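Both of the next two complexes hold subunit A, though its partner changes from subunit B to subunit C.
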Partner chain A sequence: MLALIAPAAVTMALFQVVPIILGANASFRDWTLYDPKKTWVGLKHYIEVITDPAFFGLAIPNTLLFLVLSVSLSLTFGLGLALLLNRSFVGQSVVRTIVLLPLMVAPVIASIMMRWMFNDQFGIVNVVLEGVGLPPVAWLAYRWTTMMVIVLADVWLWTPWFAVLLLAGLQSLPKEPFEAAAIDAAGPWRVFRSLTLPMLRPVIVVCVVIRSIDAFRVFDQVWVISGGGPARTTEMFSIYAYVEAFQRMNFGKGSAAALVGGAVIVVFGLVLYRLLNRAVEVSK
Partner chain B sequence: MTVATLDTRTPMPHKSERGFFSLMAPGARRAFFYLFVIGVGFIIAFPVLWLVLTSLRPASGMFYVHRGTEFTLDNFFEVFENRIVIKAYINSAIIATLATVLSLGITVTSGYMLSRFRGPIASGWFSIIYVFRCVPYISWVLPLYILTQNLGVYDTYLGLLLPHIAVHICFFSWLMKGFFDGIDPSMEYAALIDGCTRWGAFVRVALPSAVPGLAALAVLCWLWTWNEFLFALLLTSHQTPVLTVVMAQFVHELGIEWNLMSATAVMALGPALLITFFGQKYVITGLKI
Partner chain C sequence: MAEVVLNQLVKSYGGMAAVRSIDLTIPDGAFAVLVGPSGCGKSTTLRMIAGLEEISGGTISIGGRVVNDLPPKDRDIAMVFQNYALYQHMTVYDNLAFGLRNRKESEARIAEKIAHAASILSIEPLMQRRPKQLSGGQQQRVALGRCIVRHPQVFLFDEPLSNLDAKLRAQMRIELKRLRERVPATSVYVTHDQVEAMTLGDIVVIMKDGLIQQVGTPLQVYNDPANLFVAGFIGAPAMNVFKGKLDAAGEKVMVEGVALSVGERNRAALRGHAGREVMVGIRPEHIALGSHGNQLEGSVDVIEQLGSEMHLDLKMGNAAFTVARVAPDAPIRLHEKVTVSIPAERLHFFDADSQQAIRPASLSGALAA
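The block that comes next holds the complex of A and B.
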């Protein structure tokens, strides 16, 4: 029994547990990449991180805003797509292929596409805006429009994932309640609200939990689209830790930030796990 | 009183002739539905189409991509002349392949254990996996930078592979548990009674039944490793360039040359497109677990 998990456990111990211990060690020291002294400074970095307005005042709220927007929008669109693909129509397999496409695209490439489409001079979005007589917008020069582009890239990437999982959920639902509803002449909205949605709830909860945990550590999209800018206003938790450690060369503070954020998400994940168990039990 | 007056059937409203659509020609509802479907498909595919279109334009056509008529493959040739891009392409492919083989090999037994055994060790292992699944990548990758340098594997295949595998362990063990949960264990019990060892029952009975799931996961794992960015950004440098990092550097360094940028991105999309068109079945099975 132990032999079965031994290779996995050893790899995990070496490349996940050891790094976390190393990171914890570094977070208590004045660990700069150019200064080999590594003086022990205790909780100094943690206090700096927690009192830094750019962390709990900006990076964490940005991350949470991104998480809520991205997860709720991709869930809504994904559910819509799943309902659409659950009907049979000519050309359904073509639409299914198109829907799967974003799932295969690297976040880096998706972000490059968005950057190009929202380019302030030659981007297609501004061309269309000018075409309908509206002034062009410098999308990546303001905080909220940049945020919108980042969220859009993420929604585009993850809507198909929701669609595939929710479609599988829809197809495994029993037929009888829907037949009964049809006999009772229930309208489509009523069927959706009183039958489909409650019966799909366990799948939705599982998807939302998994996706929320992943959305918290978003890095690629932010890094490529805005790099945290303009003026660090769209900086998110992972970017904050990276910038502190590698651009400001303060490895101790970066590690402290990474660990504080890691603790936040692990607690969040455990709460979500209880929620998940309860949702699945209720449906049984 | 005749029987006819007792007819209590209520006339059912005809479905296609209610509300808004009753004002239009028959079949309007269907036409609107197809317009809607085409619109949705177009919106989803648009960013990729736009990227492909941009990659086929000459450098001078960047300012009017939407109405130019010149097409060229020069961008692709120019990208192919760049040695770093080619090197990164090969490196990404090698790393993704090795990571897939090794991750699946390591996690398949761990998933089997989670599915078939009960008790404190199994449930403890599951909690560890769940907790580590939640830890954000950045929390490992900062110290991994130091660790790989101390081990002397920074900027080598090994230095990027091992962290990748370690990250895959949590998620894949979880998914593998799902595969084995879906396989009826009674065959293995029969094999055990007939004198097979536990290992024999796993290799000869359980493993062959799990092959479809493993194939699906292999496709996804390859693609995820190919697409991964953060680890590659921190754990590699000039010796082992990786495609996603090379592209991201382009954006910041020569961000104005969108034609070259797009050509590189289209090349990087190649495997993804192939998998979408030919390996759909595996991807859908892999995700459904």
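The block that comes next holds the complex of A and C.
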């Protein structure tokens, strides 16, 4: 028995437990490339991170804002797409394939695409704006427009994921309650609110929890589109830790930031899971 | 209440015909049972009446109104589904109220109707529960309640008892009969269980391969099956069927080398088939041990003891047949030779090619009218 688990256990230990311990160890030391003494400094880095207004005042709120916007928007669009694709119509399989395409695109490539589309001089978005007589916008020069572009990239990337899983959920629902509702004279909105949504809720909960935890560590889109700018205003938790560890080469503080962020997502994830689970229980 | 008329009803999926051409009139207030093996088109027919399945050809009218193009909600029907199809996340009360609320009835009126239905079905204590907290029988009652509160012109039942265990099924069958007295409405009931068909139906409609085989009262289809299929389908254990050959006068039939008298009742009808091969049917419950009149001899192959009676499977040459209603304490041993008597008046004859019944003229005339 032990021998059977051993390969997996060793792999996990080597690639997950050991790095976490190494990282945790680093977070208690002054550990930089130019200062290899690794002096033990206790909680100094943690205090720095926690008291840094750019961390709890900016990076974490940005991350949570991004998470809420991205997950709720891609859930909404994904559900809409799933409902459309759940009907039979001519060319359904073609449409389904097209809808799934963004899933095949690497996030970095999608982000580069998005950055170019919103480029203030050459971007297609400004071309269209000018075409209809509106002034061009320097999208990536302001905090909220940049945030919008980042969220848009993420929503574009993840809507198909929601659509696929929710479509699978929709197709696994029993048909009879819907037939009973048709006889009971329920209109489309009533059917959606009273039948589809409650029956689909377990799938929605799982999707939202998985995506939320995943969205908390977003890096590629932000790094490629804004690099956390302009002037750190769109900096997320992962960018903060990355810049600290690998650009300033301050491994100690970077590790501390990563661990604090890790704690935040654990708490956030648990609360979210409890809340959504309660919603499901109530609906049962 | 309303008359339901199916006129040359057809349903095909691609090239496959599920229902080929059905003509059926269910009088106002009658309880019609569509029965047949799976794939015979009975459920499809019901779903077409409900409007859940598009009609490929023919017409359906309910209460004199052709409903072909009406959506289910406008047909004034209610349906009980095989797996109940309750709204799982709503309380029983809300399940019952759903259809009424969608039709914009006042809450006071809804409460009144639900109270009435609940008292008929004795489900009052379940009102605040959710379907998952109910047993199968209770769920089926709620599903019935959902129909009753609506006071529809037609009730449709799609194998409503087949998810229940045998004991509960028998109990619900009796309750359905009682319910009919209290809530009279034209009903169409689909089942594959001939016992349900016989016990519940005013009219039994036997279907096979998308076609109606026979329509009649339970006694008509039992006593005078229109063809071999109906003969084998209705009645348990199934009717025994032998290959036989009529003599030149059409008065005796040779079965496994034994000459049997065809009986007074059948003689006239069989005259036209004299000298030809026919299929001879006799119900197991009409065969008796003993040696009077028509006799057959066979060796006992299987004994089924039911407590109230025994069923014997007898072997006779290449043929085998079942005898029912043998006294449970009859001194019969396996492989023993027994003689049974076959009452000639109980024999059924079928054309060997068309498998249609060869009926006494008086009877076929009566049925056609």
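Operating definition for what follows: the second predicted complex is superposed on the first by the 265 of 284 C-alpha atoms of A that agree within 3 Å, B and C clash if a C-alpha of one lies under 4 Å from a C-alpha of the other, contacts with A are read in each partner's own complex, and residues count from 1 in each chain.
Note that in this section a contact is a pair of C-beta atoms (placed from the backbone, for glycine too) under 8 Å apart; a residue touches a chain by one contact, two chains touch by 3 or more.
None of these values were measured; they are calculated from a predicted model.
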item	value
Touching partner for A:E176 - first (subunit B), second (subunit C), both, neither	second
Residue contacts on subunit A - larger count, subunit B or subunit C	B
First (subunit B), second (subunit C), both or neither touched by A:P107	first
Touching partner for A:L84 - first (subunit B), second (subunit C), both, neither	first
Contacts of A:V164 with subunit B and subunit C, given as first, second, both or neither	first
Which superposed partner A:W223 touches (first subunit B, second subunit C, both, neither)	first
First, second, both or neither for A:F251, with subunit B first and subunit C second	first
Partner chain(s) touched by A:R115 [first = subunit B, second = subunit C, both, neither]	first
Subunit B and subunit C contact sites that coincide on subunit A, given as residue numbers	none
List of subunit B residues in touch with subunit A within their complex	33-34, 37, 40-41, 44-45, 47-48, 50-51, 54, 62-66, 105-107, 109-110, 112-113, 117, 121-122, 125, 128, 130-144, 146-147, 162-163, 165-167, 169-170, 173, 223, 226-227, 229-230, 233-234, 244, 247-248, 251-252, 255, 258, 261-262, 265, 268-269, 272-273, 275-277, 280, 283-284, 287-288
Interface residues, subunit C side, partner subunit A - complex	50-52, 71-73, 77-79, 81-90, 98-99, 102-103, 130, 132, 146
Of subunit A, residues touching subunit C in the complex	174, 176-177, 179-187, 190, 194-195, 198-199, 283-284
Residues of subunit A defined as touching subunit B within the complex	1-5, 7-9, 11-12, 14-16, 18-20, 22-23, 26, 81, 84, 89, 91, 94-110, 112-117, 119, 121-122, 124, 127, 156, 159-161, 164-165, 168, 213, 216-217, 219-220, 223-224, 227, 237-238, 241-242, 245-246, 251, 254-255, 258-259, 261-262, 265-266, 268-270, 273
